[in-house]
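For clarity, chains are labelled A, B, C and D in written order, and residue numbers in each chain start from 1.
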């Protein structure tokens, strides 16, 4: 709430502190997911059957784990290109972290309602997909802000290449937004698609490296 | 509880370790907020209506998220000016982290009682505002200690500039203290003002960068 | 979900970011374990007797604490040899972190069911042993991928030495897989073996250093 | 569980990775404390009176917060003197982190039983004091191991100075062990002494800096 220091000091344009803070948040968010897992009901089932019965919470856990893992990897890739920072970048990055830190909550929601099927499952999965869409939009905004006119990157891209790279970054937004719709056809299918997409991007990145 | 090492070793005046520790605490505190969010009551409402019904917990989450985000940014700005450390700085910084790590608790309090209105909402919001006031005071104390006579900064400011910078840092304290009073007129209004203030400072810093 | 940046930028082959992220996850996972400890039932027992009665949760806590501690130490040792990174390494490391972040859950399972003995205790301990086995396999895969043909290490080992080092790394997998079987003879014995093995490796590493 | 890497690689004697890991654990442990705070019972009391009624949880929170804060500061002071690492140091440091990560549990215990007074309060506070004693012992062991014959420090101290520095480090152990006994006279007094000691050491270090 005290903006004095910013005025006093020379602007620090290093991106290192943003990366370190974001890495911390990604690492914590991915590790906190486990706290939402609940013990199986062994009165009715025994441990193994009880765990199998609770499959939605593990499906949601796995999907969120790999999605946060990819977000971390992408964030790093992006920040090897971004060599300067400004306050807009700081704000957009905070927006990205907002949806990332929130993710354990819709994950919990999906874990709780997926098995029931019906309206609750669809609505829970739609909230989950919506959160992912918002984080994808934040990613696009960061990249668009950084790349436009070479604002925060080392060497400006050509106008054409600039738009192509922004378009490529908006693919995630399109896919995730589509899964909001799919949630209402089948919540389970929407989650399966998100899991498959996460694995695909992991392997696609493996291939392209 | 063992102060021997401090005596044995040359004083380490770098501020790097204080910054790294504080960054860790800010990152963890901002990520832990999600653990206080509870699932909606879907028996009565369905998922979406249930989530809407729980709006106070999301309002409190959002406000605390952006306030900790700003605190992190301010802390960094401040420590680009502070180039030496001493034990008083260490203690005052610990005091700041105390109120930061505590923040998820009053956030939970506001989430729980805001909707009820009445005395409980007012008292919960006053506790929240009080915690923010204490963290703003800790910020002011850190800056005043560092800047007085150029104690921990690179080049001493003039006496006039010194006081002006301390005054500027005490604005947050004044605003937050005011929201303690506003809590008793309307708890919701106090929280809305805190959220608006957080966004304003984010954008004001964006503008000044 | 946006792989654009990876294509735009020069590949960053440093392992530093993988290590820093993994260290964060290890530190968080080891510290989160405490959240699964529940207060003793003092109505029936008094505090001390109640705590003694809850010995399985402390046995599980201690074992998981030292196992994550060793994993952290091993991970570091491994990454002093690994000097380059690629996307396969990133993926295999994410797999290792998956089982590490999951560990507090089977720890909780063992804490809950160990005392009851019988089928529930055996199944819970088998899940715990299975998770440890999966993390040991991930460790082996990382090392095998890095060392084969000197892919990610400074100087290629001879073919013979390559296989010997991979074999040595697969010992953990063999031991942990064996404890899956032992869980069904005696869940308590399986946990005791895992604890003893953790201490042995700690001291063996102490001896070899 | 795979000690192969340690044998393959040159020993890395830097203490940086131990410090970074420990800093992470201290930062997480101090921030997790807030999760043990429970909302006041407002049915009977209203928010403020309810919070006052729950004073033991805040007393325990404050004490643990400052104790972990001091442990972090001492750990750093100690590691400015320790310039080499070995596996024994790694193990002793892990022991210190064990009691640190465990601390939120006895803190919770004290928060729960302190107000009741009587045997439960005494036993809970004795467990808390015992945990602090164990962490103080771990501190002494680390220093004794590092300093003996100049094993891990830059320049060996004289024999006399060596023992004096170890003795100074064992003061914490003596004080904490004493509070185990005091717990049975008055649990509240024992906690108050621990809080006062924490503040004293903070200020004593401030004075000596």
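Going forward, a residue touches a chain if its C-beta (ideal position, glycine included) is under 8 Å from a C-beta of that chain, and two chains touch if they have at least 3 such contacts.
No experiment lies behind these values; they were computed from the predicted model shown.
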Copies chain B and chain A - interface residue numbers shared by over half, same or different: different
Rotation, 0 to 180 degrees and nearest 5, that superposes chain A on copy chain C via CA atoms: 90
Rounded Å distance between chain B and chain D, as computed from the means of their C-alpha atoms: 25
Distance from the mean Cα position of chain C to that of chain B, given in whole angstrom: 36
Set of chain A residues in contact with two or more other chains: 24, 28, 32, 35
Contact graph of the chains (line, ring, star, complete, other): ring
Interface residues, chain A side, partner chain B - complex: 1-12, 17, 20-21, 24-25, 28-29, 32, 35, 86-88, 90-91, 94, 97-98, 101-105, 108-109, 112-113, 119-120, 123-124, 127
Chain C contact footprint on chain A (complex, rising order): 23-24, 26-28, 30-35, 37, 39, 42, 46-48, 51, 61-62, 65-67, 69-74, 76-78, 80-81, 132, 136, 139-140, 143, 165, 168-172, 175-176, 197-198, 201-209
